[in-house]
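Each of the next two complexes has chain A plus one other chain: chain B in the first, chain C in the second.
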Partner chain A sequence: MAEPAWNAAYGNLPKRVVVTLFVVVALLVTLAPFFILFGNSLRPSDEFMSENAGLWPSQLTFEYYADVLSTNGSTFRILLNSIIVTTATTIVSVTAGCLLAYGLARLRLPFRLSTVIGLTFLVVRFYPKIAIAIPYFVLMRDFGLRDTYAAVVIAHVSMTLPVVVWLMLSFFEDFPRQIEQSAMMDGCGLLRRFFSIVLPLTTPAIATAALLTAFFSWNEFLFASAVGPLNAKTLPVAISAFITDKGTVWGQMSAMGTIIVLPVMVLALIAQRYLVRGLTAGAVKG
Partner chain B sequence: MQRAIWASADWLEEKIGERGILAAFMVPAIAIVIVAQFYPLFYSLYISFVDWTLTRSMEPGGFVGFANYAKMGTDGVLQQTWGRTIWFAVASTGASTILGFVLAYLTVGEGRTLRIARTILILPMVIAPVAVGTIWRMMLSARVGPINEVLRGIGLPAPDWLGDPTLAMVSIVVIDVWEWTPFVFVIFAAALSSLPSEVLKAAEVDGATSWQILKMVILPMLAPVGLLVVMFRLLDALLTLDIVFTTTFGGPGFATHTLSFWIYQQGLRYFNISYSAAISWATLIGCMVMVGALLVWRARISRWQGA
Partner chain C sequence: MAGLVLKNVWKKFGGVVAVKSLDLEIKDREFVSFLGPSGCGKTTTLNMIAGLETPTEGEILMEGRDLTKVPPRLRNLAMVFQGYALYPHLTVADNIAFALKVRNMDRAEIDKRVANAAEKLELKEVLGRYPRQLSGGQRQRVALGRAFVRDPHVFLLDEPLSNLDAVLRVQTRVELKRLFADLDTTAIYVTHDQAEAMTMSDRIAVFRSGVLQQFATPLDIYRNPANRFVATFVGSPPMSVVEGMVDGGGNLQALGASIALPESVRQSLASGTRYDIGFRAEDLTLAAGGQVKMRVDLIEHLGALTIVHLSSPAGRLIAQSSPTEAARAGDMVSVHFDPQMLYVFDREGGTSIVTPGRSKVN
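Showing the complex of A and B:
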């Protein structure tokens, strides 16, 4: 592998040492908080009182996880809510987003309407979400949807759609026309072409979109707390409630934090390639 | 079964035509965004001009003109909030942009170790912001937090990070930088790896040092991406809510009330929804002006580079 000689990281030895040290420190700073979180989720409660308990617990306990994950406890319901909301959001957002992106990529509309619709979707990314949280809350109350999964899911879908649409739009526009044309010659209608030829070939893009959508929905706090305070309460809303309490609940808080963080970490490490592609889409090209 | 589905698909297609189907494809997404984004957005513009406090009435009251906007002039907490939020956004954006770029520059290249390092460096941005806040509240806890435990261990003073008004703001900046440096990093890493290698090779052949190449080739070529990064970072930092919510809850006192936190408190805690809508719209207009200015600037840089 040719090393890019223009990079300082490949200079002489002292330079390399400094660079390596800098990167190692950055890695440590990145990982240390996770280490503390996982440690605290396994720490016996009496150790939280001590000033010199050590960074990692001297004894491990699984009682907090047993508490959070026990099927008759209240937190299990919250975990279930999070899973339901995330799954529903991902399915709806990716489906609706793919359909819209394909329509935008293939339909010739007058007055550059396709561009207008595309840009309108982009605008959603650019205004403070807090501005619509309260009206959205009022709207859901009027619809009788307050504190339901639907209210949270619709909010999450509307916020993730722009990402899905922009990601899929570039894939559909780059999709080789010849493949679709030859299918057309064989008498394949639009719906058949889309569902049995185009979609299967854009699976990597769909995976990227699904990953970003799922992460967003799993992590989202503002709208979940505004419209789903009790019955549709998700994990981020539940963990934010610990703020009112003092150090005594750190064990449960850490266990819940780990349950929020760990699946995302693991998925991010496994699907690193898709994730990076999704996070950088648009910013680098455009 | 499958045959029946395709048959009905063909039937539908004959009925409404390809254009009809493509148009129908676009309906669900557009409907969802209109209902859940644009309608509430303009509804909030409307309620910013009426008198409506949810605790007093379930229905919007009478039209009051710009009274809610005028109220912002006499809101002492809000006035402190503006300056604090801008200070926070500039500090966080500046630090994360520099750190993210340096990290991206230093980890360019292929190889397993570098790839794993890059993946780890991304992690803070993909986990839930409320979890970030929760984790850092433990990290920074004055008495039993690990940071102070280490500081005490090496004989340094162990301050009350989140309890002191000034330190609390600094702490929130540090947490925000920890969480969002990865965003800057991931964009610059992708941009760096897509730089045209011929240009870099040419500079190398001409005998430029790595420092000269960085200053005179790489940085100018990354300027358009850099501006985009700064724009996204500023926008997110100006509207930070989750971290404040889970670390200090705006305290001690009002010391870490940021703009979004105050809007949240006004709207969803005190239920002064018309007033919170007015602050939201003022914020929104401010953000739009900022985004517009940065995009114009970026277009000028790109044009100048293209020429």
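Showing the complex of A and C:
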């Protein structure tokens, strides 16, 4: 009799127990911070400093959410800022990144310039971000862009563009040459070929690139706080304001944290099919 | 429809010469095949005509116009790719209509042309489907349809049948021949299958290692090959080649026998020189009183005919016999041939010295 597929894939009982344990531990490590964050956002204030408090609050309160969402509408303003910055970063980064990657993948530049240019993009990932935070702040101040959306978006684009370029580069390099040649024979120039043929066929990769960019921009704190402290304040920057000279405002901070995390988690869940396909494509050719 | 001229075309990939000093003139409305083993430069040549590769040197002219620097999209050539290269995200109808849409053709005209092509290629039922939902044969027809709707100057076909199974390939070959006979247009067909080249072409260009070996009609290629490579590459079963020498008496010493040569053959050969002697399988008959005695090694019954592999200490031959051939492996048989039908090649360079085509003319 044939064994069920799961049995064949994961072996006998002890082996399956070990595998399951590993998964459970990994899940705990990953999800524990969210669990605690969510718990804290519902915990009455007297429980925060209590030594007897459990991981989950004994009583639930929604006062922090009410407080955070009603502070003269400033949270909505900050939420809007985050949405604007994230959307703009994603659009600019993905559009520019796709075009760049396509160019690098297709242009036959002399002296292996494509590789050199590609590697140059990676340099951005080599040093700690804080190393350029101050120079960047000075640069934006001199350009008169301090505390504008543009300053935050430019910072975020500069950090996400390399990721988009590298992700898309591998996709475009694996893209079947004959399909593009076929489009050339059918009368397409470079742009038509890119937009009518290549782009629709690389949607999973583009969706992945867009999601990774959006997640980064949504969560980024350092540069957002350096160049957009007031008018362009985003949610992560707003959270830091709960650490005051009089102490940390745990409840409100956790509520705000949950508000930041929820859309990202929901989006990731909806898009997980694309994400997996996008991140693993090219590794195994289907 | 247009004629094409390739003048001293070279293509080098780094230090590798893919196509070497190619001169070729393809006439208007001619069906030409590029034939050769893989890596011989035939697809590179096709790609240069298409504009997908740029020649390192030389010119490609269409109707007297220099195409060498013209991008593919402006050449108005249609190409059928080996892997079909259909657009996976478009339906069959959209795949066929794509090139017309790119040219901003009138919607009604596009619909008319797509319907026509679908009718001709029996694709009416699958117009709404996506390429992944089609069989290999259907995909192949969509690729053809995409080329047919365009009314191009020249059709370029890169091994269009190589992905089909044997039965479908022969069937499609016949259909293709019929389609192109109707179209009456210039076409270049790249293949490594000599049967396709022989059956479909007006003329065949045989390539080897980037060098054009011969450009001639199928029968000329077969009966008057330019050299040993062309002679052995074209023909199934392949031509047998053995070593031979003309003696002082004007007889050919080969396969351990002395063979009398007709004047037309002898006059081209020098006595005392060694040559490569080629025999086509169908020119050899197993019959009493033949010129050479050989042992039967192997018999292959193909139904319509029988292939007999023969050997002697002096060499091997492949003969074609009738399906009722009585000889068995191990038998000694007498092999007869008409010396007029011999092929003689220079041993060093392989150039043809005597071919039945030339012997008959002389």
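As a convention for this text, the second predicted complex is superposed on the first by the 208 of 286 C-alpha atoms of A that agree within 3 Å, B and C clash if a C-alpha of one lies under 4 Å from a C-alpha of the other, contacts with A are read in each partner's own complex, and residues count from 1 in each chain.
We adopt the following convention: a residue touches a chain if its C-beta (ideal position, glycine included) is under 8 Å from a C-beta of that chain, and two chains touch if they have at least 3 such contacts.
Model, not experiment: these values are computed from the prediction.
In the overlay built on the shared chain, the residue A:51 is in contact with chain B alone; chain C does not reach it.
In the superposed model, A:189 lies in contact with both chain B and chain C.
Once the two complexes are overlaid on the shared chain, A:197 sits against chain C while remaining clear of chain B.
Using the contact criterion defined above for the overlaid structures, shared-chain residue A:179 touches chain C, although it does not reach chain B.
Of the two partners chain B and chain C, more chain A residues are in touch with B.
In the superposed model, A:38 lies in contact with neither chain B nor chain C.
Residues 189, 192 of chain A touch chain B in one complex and chain C in the other. Listed in rising order, the residues of chain C touching chain A in the complex are 50-52, 71-73, 77-79, 81-83, 85-89, 98-99, 102-103, 146, 150, 156. Of all residues in chain A, only 1, 3-11, 19, 22-23, 26-27, 29-34, 36-37, 40, 48-55, 92, 95-97, 99-100, 102-104, 106-107, 117, 120-121, 124, 126-139, 154-155, 157-159, 161-162, 165, 189-192, 215, 218-222, 225-226, 235-236, 239-240, 242-243, 247, 250, 253-254, 257, 260-261, 264-265, 268-269, 272, 275-276, 279-280, 283-284, 286 touch chain B in the complex they form.
Of all residues in chain B, those touching chain A in their complex are 6, 9-10, 12-13, 18-19, 21-23, 25-26, 28-30, 32-33, 35-37, 39-41, 43-44, 47, 99, 102-103, 105-111, 115, 117, 119-139, 141, 143-144, 146, 149-150, 152, 178, 182-183, 186-187, 189-191, 194, 197, 200, 203-204, 208, 210-211, 213-214, 217-218, 225, 228-229, 232, 235, 238-239, 241-242, 245-246, 249, 260, 263-264, 267-268, 273, 276-277, 280-281, 283-284, 287-288, 291. Per the touch definition, chain A reaches chain C in the complex via residues 176, 178-179, 181-189, 192, 196-197, 200-201.
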